[in-house]
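Please go over the structures that come below.
Paired with chain B in one complex and with chain C in the other, chain A is shared by the two complexes that follow.
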Partner chain A sequence: MILFFILLLPLVSIVTLSISKNINVIKFNPIITMGISLGIIIYFIFAQQIASNGNFDNLYINFYTLIPAFDVNMSFNIDRISILLLILSHLTIITAFFSTLNFKLISDTYEQNLIRHKQINILISLISIGINGLIISNNLFVFFLFYEIAAIPIFLMISTFGYNLKREVSGPFTAILKFFNVGSKEYGSYKITIYLFVASILIFFGLAILGISSGSFEISNITTGNNSVFVFWLLLIGFGTHSALWPLHTWAPDGHGTAPTAGSIIFAGILMKIGVIGFIKILIPIMNEITFNYSNVIIFLASVNIVYGAFTALRQNDLKYVAAYASLSHIGYIFIALMTSNETGINGAIFQIISHGLIICLLFFTVGVIYRIKKTRMISELSSMLDYSPILSYFFIFTAFASIGFPLTSGFVSEFMIINGIYKYFEFSKLGILMISIPILGILLTTIYMFRVVKDCIFTLNSNLNEFFDMDNYEIIICFILCILILFIGIYPNFIQSILFDSYKGLVMK
Partner chain B sequence: MENIINSLLPEISIAITLFLILINSLIDHKHFSKSNSMLIIFGIFISIFFLLNQSGSIYYMNEALVNNEFTKAVKILILASSLVSICFISKKNDELYSKIVGEYSLLLVMSMLGALITISAREFFTLILGLELMSIPIYLMTAMGPKGNIAVEGATKLFFFGTLSTVLIIFAAVLNFGMTNSTLISFDNSLSSDVLSILSFFFFFLSICFKTGLIPMHFWLSDTYQSAPSNILPYLSTIPKIAVISLLISLVSTENLYNNIPYIKNIIIIFSLSSIIYGSILTLKQKNLFRLLAYSGIPHAGMMILFSILNMQISYSFILIYFTFYIFSNLCLYSSISNFNKNQFEFYVEDLKGLYKDSPFLSIIITISVLSLAGVPLTAGFWGKFNIVILIYQEYGIFYPSIILAGAAIGFFYYLKLIRFIFSDKNINSLDKFDIELEQKLILSVCIAIILLIGLNPNLIDILSRF
Partner chain C sequence: MEKLIFILLLASPLSVVVFHFIKLKFNKIIIHEGYFTLPIIFNSISFMMLLFNYESLNKLEFSYIKIHSSLISLIFSFNNFNLLMCLIVLVISICVLIYSYKFISNESYQRKFRYSIFLNIFISSMVLFSLSDDLLSSFIFWEFLGLCSFFLIAYYNSDVKAIYSSTMAFWITRFGDLFFLMGLIIIYLGSQSLSISSINNFLINSNNYSDNLALFFILIGIFTKCAQYPFTIWLPRAMKGPTPVSALIHSATMVVAGIFLLFKLSSSIEFYPFIKDTIFYVGLITSLICSIYAFYENDLKGILAYSTLSHIGFMLIPIGNSAGEMGYFHLYSHSFFKSLLFLMAGYLILKFNETSINKLSGKLSFFTPYGIIFSIACLSLAGVYPLTGSFSKEYIIIDFINNRSLIDSLILIISVLFTCLYSSKLFFSIINFKRIGHDIFKKDIFYLLPMGILAFFSLTGFYTFNFFKEFTNINFKNISTIELISLQFFVIFFITINYFFRDKIRSYSEITINIAKSFIEIEHIYRHIYKKIFVQMGSFVGWFDRNIIDGFVNFLPYIMVNTSNYFQKIQDGFIRGYASKFLILIILSIILFGITFNV
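Coming up: the complex of A and B.
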């Protein structure tokens, strides 16, 4: 019961934020609130002895009924997977709050800066309510409600706090691209909103049809009807857009590029996983058979994601675009693993969700710090960071290794399991060898683009520079925490395994 | 006789209030607006009291008027929302306005009386009486703005097309009389051909389209909203629309018009869906704030008339949810915007920039009401759209809901555009700093609380409507 306070705590912080006029309260109040919230979750894990025995199954609660005729309830359900996702979302949100500590707009007065700070923290708090509610929802309506709460602030965040990129346009569509003002923050925010709202409408439509045809909106009571193939495609396109599944991914790079650091962190860390959560909560448990029939389609799209994302990241000059395409590429692993429908693969998928969340948070955070210090994100303009900002460089090198999936980092564990799962699914055949080579090719390409960035930005010597800037203490603290967690999962994966216990077995398709 | 008087008591009490206002304006010149608004509030409360005492479904005056649960609920809604709009009319800190505020409140009450009669009408001449009583004061109010010639132009446009709609409805009455030998709104085709009944209903429906601003008759909206004094917009944008639409819904869904008129559902669906799509696209192009808001009402009107092709017994509380949300969201939005001292012809959406910094209270009110109009969860607007999509899907399959959702998706853009400007940086042309009075803040907070409460628990309307 105490766990449901995590949905109310951000509201308290929003009220405090809107009243307060002290910059320190505005800066640190949301971080402390999310810390308390994370503490509640850890207390819950210990109180229910989730990590040490297998007695805990799930915790269901129905607060009140909204529409009796359609069985629309305010109901929540907490199981082992959602606890892991909650921890990830909290870490992501805390990182995002840390990234706003040095938030500053050029030519702003102190007072204006205060209001800006307030606004961005309120928006992040709203997103945190949305994402946490979505993770523990047990009703299709509640799922959609919290989805919208998470999706709308992101639009305001990018359009108000985003960066304008200087994009040179050329080619046959120059006039059109200029008309849409490609690269501006308005362009990025509208692109994201168009994609996500079309996705949200498809999801809403699919969920509504599911709910009506089975007479109940409770996820546990839903049965698939006659038009379930249609619903499957609606939900696949909706969730696929949200997770940037190829070819529905084009919003992601532009969105990341124009978003503020906090926005990118939240997006890559947890919002892009809404689609995956939809797969875990709705598509696989409810529409098991249909999803299994189409699993090859999803595996194909996800493979394209891995290879295409990695190849595109090779050519980028903007660090944020590199990170965005890297994140695209890594999302592909999760989808392949979910579709392998064996225990190793699905276990690996959940590991990859957590590990990708942590690594991509760190990557975007360090990119944000680089932009704050150097005022540029272009790889061609960055050099000798190891000499002039050593701590930042160490963290960046660590991130590069972690995203490659170096042993002793969390990425290694998940990629190892995923490749095992793929082998089990396809067994030793020609197709199997091809499918295994795709993630391995992905890892290889990741090594290339990550080392390219490291070489160009960090090791290349430029003796003209002489200023010595580095991360401040708060940035070091949060980066250190994330690094420790990535290493901890890499060294002792059994911790996550003990929380997960055998709950992933429910996702194995029959 | 007693029965008739009992059924008409709410309307009679409003009419008596009207006379009292007239007498009061002869006696009390000094505190004209203050005593008048006290009188109006008193009259409205008495009228609501009489309405609450009514029960059951009664046809009276030779079936010319009807009182049932639905008309009762809509009347209470309309009276309550008029209360809000009257409070905003009499509170304008402007010298020009303060001179004519008395006339405004008089005309507003007159128009409200017309709306009450329109809702109950089941006979053509009563309906025309109600509609004219509702519309003529609006023409006057539109023309009486302090902007002189420009206001007169908008009012003339409104008056011209208003007269046209009256002509259409009289023509429908004539055709109906030719078919049935009575002036009751029945479109009974048992004595004549189907074509006559369709034609008659079509003219009647066109006239309703005009009053609500549905798509082929929408052209007056933008000019009128732009040139009308902004403090009558809370009234103009809600009550005439709701009155006429509730008349259409209760006529079509309870009076067996399905049997009398073939293709009636197709007519309503075509008009409604084209309004939803075309209205959204029209709104997307607008740059002037008042034109944008005027056009954004078209898709909502289109959605509300869809309730008329559903079974009233199932959709009863859903209709009330939609009406409540629409009335209160619009009241909040227009009352907040009417406080800006800026020429409506030059009020572009960009001028909202930096509003958050100047008046945080108003910007939060506008944000919540706009989110509600866009249909975001946790506000009442979501339930309005959610319910109608589900009901239409259950009855008519997958095609119509997808069009409604496409309209809603387009709607998100222009509504979110407003919010984006409110919270972005200030520019040179932005509004000056100002604040509103405490009473107004209280009223707006109550309206917002209603929107949020229904958003949290839509059963609230169901529970309230049982009383």
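Coming up: the complex of A and C.
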């Protein structure tokens, strides 16, 4: 019961933020609130002994009924997977709050700064309510409601706090791209909003048809598998757009590029996983048969995602675009793994969700710090960071190693499990060896593009520069926490495996 | 006891971090050299514990991850083969640490930290790699070796070539590591366990398509890390790093780690003829080409790098010839004299600031301690009898000649010949016997102590040979005196020939260098692959993404905006315009009405 306060705590924080006039309160209040909320979740894990035994199944609560005829309730359900997702979303939001501490200030007046801090912290808190509610929702209606709560503040965030990029355009569509003023923050915010709302319309129709045809909107009550191919495609395109499944991904690089650091962290860390959460909560359990009928399509698209995203990241000049395409590539592993329908693969998918969330948070955070200090994100303009900003460089190198799946980081664990799962799914066959070479190729390409950045920006020494600069203490603290978590999952993956226990059983082919 | 060794191994890199942190906070209290003292002490203690207590040490198991509902453990076992490898690594590491203490004493503390931390992580992970008894933990520490190598090659980052070399080395070894990972996963689904013994059992019993493929993938991983033939190029380029690092990583430990792994798997490789032949021929080709190339190389570290490559080839040959223990023995003896040569080269380069042996010629007097040590190392490399290097080489050659065809033997003999030639070239061009430049070489304990230890092991061939035999309980076949004498005659004959007719040999064998060059200098192929495949593909996919997919996405709203702009023109704001449009519309609708209802 206490766990449901995590939805109310950000509201408290929003109220405090809007009446407070002290900048320190505005800066640190949301961090402390989210910290308390995270503490509640961790207390819950230990109090229920989730990690140590298999007794915990799920925690269901129904606040009130909205439409009795269609079983539309304000109901929530916490199971083993959603606890892990909640922890991830909290960490992401806390990292986002930390990134606003050194926020780029437009005016010098105290009031202006105060208002800007207030605005962005309230927006992030709103997104956190939406995300957390979506993760623990047990009703299609509640799912959609919180989805919209999470999606709306994105537009405000980018259009108010974003960056204008100078993007060179060429090719057959030059006139069109110039017409839209590509690279401006308005372009980015409109693009991401239009994409996400088209997706949300599709999801809305899909969920409505699903709920009305089966007579109940409760996820746990829809037992008879709905076999409408139409609904499946609606939901696949909707969730696929949200998770940047190829070819519906083009909002991601532009959105990340123009968004402020906090925005990028939230997108890549948790918002891009909404599609995956949709797969885990709705598509695979409810439409099991039809989803696995189309598993070849999903595996194909996800494989394209892995290779395509990695190849595109190879030639980007903007660090945020590199990170955006990297996260596109890593999302592909999750979709392949979800389709493997065995324990290792599905656990690997959950591991990859968490590990990718943590790594991409760290990556975007360090890129944000680089931008704050150097005032540029272009690889061609950055150099000699190892000598003049060692701590930042070591964090960036750590992130590079984590994202290429280096052993003893969480990336290795998840990729190892996913590749094992894929090989098991294809059972010894030659096709299996071909299929595991796709993630392997993805890792190889990740090595190449990440270490191209490390080579050019960090190692290469430019003797013209001699200013020593580095991260400040708050930035070091949050980066250190993320590093420790990445290493913890990499060294002791058993902990998360024991939290997951047998929850893969709901996600296999029936 | 076992856990204490583990803690000591982890403590040495950690102590560097702690020291650096204290150094940053309280700058003036502690002297700079603290970056090396604690690691030297920790490594020495763990060396002593391993050497004197090895019989009482038990196997260690850490459960790591659950795959296919069975738990994979990381197993560290203290059997004799693992322990011996561990001892070699620790001896050379302690020597290199003492040497580095002086070698980089002029650098800033930031750079010292970078050097020391990665050197210590390397030592710890190399020791853990030698102790590991399953493929997963081998893979984990195997990757760490590549990481440290990457950072240490790029240590002199004011040199663009060093950064380029380190990145290339990392990409190539990573490429191999991923094949290793694939092989490991393919084996695991069959054998349900990753410990070396059960994998050997599994591989012996089942011999099908996927096992061959898995072993082949693991082999690719080993070949990249050992810089065998198609992947040779990264090791000579890696010589851009500091010389003590080359002594430890790129000659004695990391590049031979793959040999150690193959030696552990050698009992199952017996049953896979294709894998055996691959190992054999790759080793043979590498040893031949690299020893020829080393003879023509003029860079001091370059000669040593190519010589290392050819010696790793020598180690592979017996593994492909069903005599894995001889490869291991050659690993053991090679590591002493090769790291000694590298340390010596580092000393010479530091003193004269020259790397070409033409400019270094005659600079080192024989009658200094350094001169004697250098001579020991060179003669051990050539394989002159009572020195360590000769024992392992003899066993390999004689075993080979007895078991293989004439052509194979001839190739091996040629590569041994060139080994003699380049080691004598090294010896005669650098050493002078005239007591010239005696006073330049001050007796410095930080250089002499590590080199003296390694020179002791390189000199006392009988002692090291007996130690190896007693420690591992391997019985070698005895070599007859005639074989021994003929081989020694061969070696000494070519050393003297080279002393008198060096230039003639060079000009006569001009054709061999061209062949070797065409084999070795394939860096442009790598560059071509990178540019043509990765860069061009990346550019194309990026263009496709920006223009086709994103262009299409932008095209739809563009049409919508344009059409709405077009229709907006109807509302021009003039009464007569509205009236005329209204009239036209009415007429049109009447006509339409008439047509549809046939009035």
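By our rule, the second predicted complex is superposed on the first by the 500 of 510 C-alpha atoms of A that agree within 3 Å, B and C clash if a C-alpha of one lies under 4 Å from a C-alpha of the other, contacts with A are read in each partner's own complex, and residues count from 1 in each chain.
One rule holds for everything that comes next: contacts are C-beta pairs under 8 Å (C-beta built on N, C-alpha and C of every residue); 3 or more make two chains touch, one makes a residue touch a chain.
Because the structure is a prediction, the values reported are computed rather than measured.
With both structures placed on the common chain, the touch criterion links A:I209 to chain B but leaves chain C unconnected.
Contact with chain B, but none with chain C, is seen for A:F155 once the two complexes are overlaid on the shared chain.
A simple residue count on chain A separates chain B from chain C, and the partner touching more is C.
Looking at the shared chain after the overlay, A:T100 reaches neither chain B nor chain C.
By the touch criterion defined above, A:T409 lies against neither chain B nor chain C after alignment on the C-alpha atoms of chain A.
Once the two complexes are overlaid on the shared chain, A:F70 sits against chain B while remaining clear of chain C.
Using the contact criterion defined above for the overlaid structures, shared-chain residue A:I201 touches chain B, although it does not reach chain C. Put simply, chain A uses residues 194 to touch chain B in one complex and chain C in the other. Residues 64-68, 70, 112, 115, 119, 144-145, 148-149, 152, 155-156, 159-160, 189-190, 193-194, 197-198, 201, 204-205, 208-209, 212, 227 of chain A are the ones that touch chain B when the two sit in their complex. Across the complex, chain B meets chain A through its residues 356-357, 371, 376-378, 382, 386-387, 389-390, 393-394, 398, 401-402, 405-406, 408-409, 412-413, 416, 419-420, 423-424, 457-459. Against chain A, in their complex, chain C makes its touches with residues 63-69, 110, 114, 139-140, 143-144, 147, 154, 157-158, 160, 163-164, 166-167, 170-171, 174-175, 178-179, 181-182, 185-186, 188-190, 209-210, 213, 534-535, 537-539, 541-543, 545-547, 549-551, 553-555, 557-558, 561. Interface of chain A with chain C (complex): residues 169-173, 176-177, 179-180, 182, 191, 194, 247, 250, 254, 308, 311-316, 342-344, 347, 384, 386-387, 390, 401, 404, 406-408, 413, 416-417, 419-420, 423-424, 428, 430, 433, 436-437, 440, 443-445, 447-449, 451-452, 454-455, 459-461, 463, 493-494, 497.
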